[in-house]
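Both of the next two complexes hold chain A, though its partner changes from chain B to chain C.
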Partner chain A sequence: MKILEEVNLEAWKKVKELGADKTMELLKKKGLTGRGGACFLTGLKWEFAKKARGNEKFVICNADEGEPGTFKDKLILDNNPENVIEGIIIAAYCVGAKKAYIYLRGEYHYLHNKLENVIKKVLENAKSDLKIEIVEGAGAYICGDETAIIASIENRRGYPHFKPPYPPQEGLFNKPTVINNVETLANVPLAIVNDEWSDEVRLFSVSGDVAKAGVYELKVGTKLGEIANVAGAKDPKAVYFGAAGGCVKYSDNFVVSADKVCKEEAMLGACSLIFVSKKRSMLDMAMNIAQFFKHESCGKCTPCREGNVHVLRLLEKIKRGEGNEDDFGLLEKLCITIRDTALCGLGQSCTNHVLTALKFFKGDFK
Partner chain B sequence: MKIIKLKINRKEVEAKDGEFIIDAAKRNGIDIPHFCYNERLERIGACRICVVEVKGMDKLQASCCTQVRGGMEISTHSPRVLEARRMNMQLLLANHDLYCTICKENLMCKLQRYASELMIEDTPFESLHREDEVDNSSVSIRRDNNKCILCEQCVRVCNNVQTVYAIGMVNRGVKTRITPNFGHNMKESSCINCGQCVVACPTGALTEKSDIQGVINALNSDKYLIVQTAPSIRATLGELFDIPAGTPVTGKMVTALRQIGFDKVFDTNIGADICIVEEANEFVGRVKNNGVLPMITTCCPAWIKFGEQFYYEELNKNMSTCRSPQAIVASLIKTYYAKNIKKDPKDIVLVDIMPCTAKKYEVLRPEFKGETDFVLTTVELGKLLKQLNVDFVHLPDSEFDNPLGMSTGAADIFGHTGGVMEAALRTAADMLSGEDLKAIDYTKIRGMDEIKETEVEIAGKKIKICVVHTTGAARKLLEQIKKGKSPYHFIEIMACYGGCIGGGGQPPPNSKGVLKKRTQALINVDEAKKIRKSHKNPAVIKLYKEYLGKPGSERAHKLLHTKYSKKTYV
Partner chain C sequence: MPYLKKVKIKGKGYFYLFHTVREGSKFKKLSKYIGKEEPSKEELEKLKENFLKEIKGKVSVKVEEKPRKNILGELKEIQRKHGYLPEDEIRKLSEEVKLPVIEIYSAATFYSMFNVEKKGKTIVRICNSPSCYLNGSLNILEEAKSILGIEVGETTKNGKFSLELSSCIGCCDKAPAIMIDDELIVDVTKEKLKQLLK
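Presenting the complex of A and B:
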């Protein structure tokens, strides 16, 4: 896997020669975009933070990978944390941060000590005086949202905050802050040193009704048929993009790219593909995911907190065979209201799975 | 500031660049419904009732936390907006106790009001049937989580403004609740009873602990019934009867109280005048004899509990020993006045009408035991008068009873931030200089700034003054004193924003605009009075001559002063 190639601080050496501005220019030229799902140009994000006024700045590595069916960051942290740390050092250097945090998913506690050692080793070798602190999450899904991470690191309740202000302007402790995903930061040194590096190559977390679930390194634009083939998908009928991304109808020739997925009103997000075989009912899938969102809604905003309870209740009613046309209408209206009015990105996307399933698999709901 | 143009509901309007949609709309005559937004609190964008449609933006936007931009086209009531707003309301209602007619907040509830305005006649969602235990442990505040809609106003007021941290959020998702720490109740918490959460709460989740029934029972007994009303009540009571904010209703209030059966209607104002005489005397004594400075006023029971909880060891010597005006009048009624009318104090029932939920706590302090029988807030008095069929608006005016009904302008201004200090300065300046000074308007300590300071020169001595309201602002000064770095000689602290006119028992909303009007009403009452210095009050002079002796005398100390003790909390 390309993402696991060791760079051994070659990029850091090059960055020190180039200086911050040219490094960010280079990253923009290479087209490195955020791997968390929003696909924002990493170099540009750093520039915002660099230009923002503040006597102190921070870098946060978002290692709170909590989306169902997503496990690519774990692979990187387990097998090539050195590149991530190098990425953090470079990011901090570019924006002018003296302190960085790794916000580690609570369930990845077992990686904590290992990461501590790697941080120490890499910082020593890089002769960097950056401070990197690991903060462990407590298991809340919402703490994958960057503004909730900020609240959590500040010892506040893990609640998201409206934007703007965006973190590069006003983030951790109200100081300019860059927050990047693990995979993004691991790609930073690779993009800097490898001429043939391409932003199109991503890690895909593939799971569900497949023989070989796991992380695959593929180009964006690969067809679903190819992925189904390598992972050994059995009679697929649908593919979910995580839980929040919603689903599409499976077809061999469906091209997996942000645009194409978006056209189906789903979201590619962090490239997590959950295959669903023909044996399953999409209603069961919907109930399972709705249960997850009901459990993980942080409780801050009305539509997500209250709405997800009723999404599940309506699905249960339909499952019992008691659903009528009004219930379907209400369910759809409710999902749209949550999508349209929820406070954070997670709330806004938590009903995509119902809306897309209703669109493509209405038959499963009858 | 740059002015930009945008369109709201197809009409071109002007707005300040960077201001929030809800504020721009408000200035243009559009009152967008909202629960979590409060002009004085940090914006959180949680309730999603204030959503609007902005052309070019995919999702609906919460108008309380979306800034305006030039050329923006906003709709505050498109079909999409109304539908979403209605559904979010219905979601709240499905998780709410819907027994509106038997709710304490009935007719004052914002949830009820918006449900009515949005013409919501049912909710299509199954009721979640919440069954949370009602917390009745506090003597001031009743907490009914079944009616909480999680707008977090109370939490923000308590933590960010007051820095009391009595309540916070627990659990997640639909199980989220607001509660004191670690499952304790309100009584065990660090709550200072200020009631700012009560005024902020849009629903019946937080209400004052009601003593109305006790008063009705007393009114129907054969006891001798006395009532006293705090300085600020006259400026706020009218609002409960749809009289515009800032209209003093002193005369009607007195008539109403007499009409429902009180034998005597006294004015807490005379206690304020006595309080000033004692406090100014104490201050002058401290200045002359190099006593502990700064001296801090102690009219506010919520601040006293705050001080006793968080700063007792360091600051108890800085606190004036003077009782609050209400406690002074209460003590005089059950001693001096009872003797005067030859009644056993046990046969007198005293009801105090206060702007304040903390008063309910204060009168139960062991130091004041047996003095006041009931405390009603302004809101409770309004409810009582309505229950007893008082046609308030059409009542004629009448005067307070004597001997405890006469007061000066200095007492009226006790009701707003800076007023106690201004009144104290009027008297202390005369005392220190030995003259009858003409300049008595200390305008620098008026207004809504949270920390106001000034320096006055009295008899060649420079006196540094500071006035703060909200305990959060007070904490800054107290930290200074603790470190021995306070530059001040005399400090006034009021726990509530705006002072008593913004008290926890006042009619909501305690918005800046309303508070300014109430303040102005009190200033007008003061300016209209002939006597505006507490020590010039003939009734006070007579009282000292006949009963109390000199300010600071032994009897004065027994009846007009108090002591403090360390308070603990979990």
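Presenting the complex of A and C:
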């Protein structure tokens, strides 16, 4: 895998020669985008933070991948944490931060000590005076949202807050803060050093009804049939893009790219694919995911907190065979209301799975 | 900068100087009564200057910053040691990090990995997110229930095990997966579970 290539601080050396401005220019030219799902230009994000006023700035590495079906960051942290740390050092240098955090999800506790050692080693070799602290989460899905991470590090409840102000303007402790996903930061040194590096190549987490679940490095734009083939999917009928991304109907020729997925009203997000085979009922899947969101809604805003309870209740009613045409209408209306009125990314996307499943697999619900 | 404003009270006009200052995260509006007649331009400049001098000492622009030490690590340590977060440990921590007890409780009760009530010595979390669900997590859950003789959310009578359902634990490639305390256990089978829950 390209993402696991070792750079051994080559990029850091080059960055020091180039200077901060030229590095960010280079990253923008190479087109490195955020891999957490929002696909924002990384170089541009850094520039905002650099230009923002503040006597202190921070870099946060978001290693809280809680999205069901996503496990690419674990692979990177397990096999090539050196690149991530180098990415953090470069980010901190570019924006002028003296302190960085790695927000590691609680479930990845086993990586903590290993990371601690790697940080020490890499910082020493890079002769950097940056301080990197690992903060371990404690099992909250919402803490993958950037504003919720900030709240969590500040010892508050992990509630997200309204944007703007965006973190590059006002983030951790009200100071300009850059928050990047693990995969993004791991790609930073590679993008700087390798000439043939391309933003199209991404890590796809493939799981579900497949024989060989795992992380595959593929180009965006690969056809679903190809992915199903390498992963050994059994009679696929639908593909979920994580829990929040919604699903699409499986077809061999479906091109997996952000805009194609978006056309089907789903979201590609962090490239996690959960294959569902033909023997499954999409209603059961919808109930499973609705349970997940009911549990993981943080409770800050009403549409998401109350709405998800009722989404599950309606699905259960349909499952019992008591649903009528009105209930379907109500369910759809409720889902759209939650999507349009919730505060954060989680709330806005938590009903995608019902809406897309109703669109493609209404037969399963009756 | 301070600004002049005519305030109408019971039909009569009074002139006030207003100035908004930021105190920490809050805004404060300060005012000073000038008189019933509008001051001339030069007078106004002087009044403004004096007003600023007056309030300079009163407003603390510097915010007293909260301690920045993150407590999640400490809370995890306590949870690991006791199996839950006992009140006196939280009080001790509160003094140590100089945070009010209520704020620590407020943060701690947000996370599913912390318990403020006593739980079993070992917490078994069974992942039931889509990938594990598709690979038979419910069978594993049933097996765990029958081995331990408890329902989800309960603790065994000897206080050894608590059973919980969990959201995705990031082991979708090796589903079904469970978490026993801090340890991730992947490719769980019924036989494996029997061994683990002895």
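By definition in this document, the second predicted complex is superposed on the first by the 366 of 366 C-alpha atoms of A that agree within 3 Å, B and C clash if a C-alpha of one lies under 4 Å from a C-alpha of the other, contacts with A are read in each partner's own complex, and residues count from 1 in each chain.
We adopt the following convention: a residue touches a chain if its C-beta (ideal position, glycine included) is under 8 Å from a C-beta of that chain, and two chains touch if they have at least 3 such contacts.
None of these values were measured; they are calculated from a predicted model.
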{"item": "Fit or clash between chain C and chain B when superposed on chain A", "value": "fit"}
{"item": "Partner chain(s) touched by A:213 [first = chain B, second = chain C, both, neither]", "value": "second"}
{"item": "Which superposed partner A:157 touches (first chain B, second chain C, both, neither)", "value": "both"}
{"item": "Which of chain B and chain C A:140 touches, first, second, both or neither", "value": "both"}
{"item": "Partner chain in contact with A:296 - chain B first, chain C second, else both or neither", "value": "both"}
{"item": "Which superposed partner A:176 touches (first chain B, second chain C, both, neither)", "value": "neither"}
{"item": "Contacts of A:105 with chain B and chain C, given as first, second, both or neither", "value": "second"}
{"item": "Chain B versus chain C as contact partner of A:276, first or second or both or neither", "value": "second"}
{"item": "Contact breadth on chain A, by residue count: chain C or chain B", "value": "C"}
{"item": "Chain B and chain C, minimum CA distance [Å, superposed model]", "value": "5"}
{"item": "On chain A, positions contacted by chain B and by chain C", "value": "140, 157, 295-296, 298"}
{"item": "Residue ranges of chain C touching chain A (in the complex, touch as defined)", "value": "65-66, 68, 70-73, 75-76, 99, 103-104, 106-107, 110-114, 128-131, 133-135, 166-175, 179, 182-184"}
{"item": "In the complex, chain A residues that touch chain C", "value": "65-71, 74, 105-110, 133, 135-141, 152-158, 173, 205-209, 213-215, 240, 243, 272, 274, 276-277, 280, 285, 288-289, 291-292, 295-296, 298"}
{"item": "Residue numbers on chain B that touch chain A, as the complex places them", "value": "43-49, 51, 59-60, 62, 65-67, 80, 83-84, 87-88, 91-92, 94-95, 124-126, 128, 149-150, 168-169, 171-176"}
{"item": "Of chain A, residues touching chain B in the complex", "value": "140, 157, 161-162, 164, 294-303, 305-310, 313, 326, 330, 333-334, 337, 339-343, 348"}
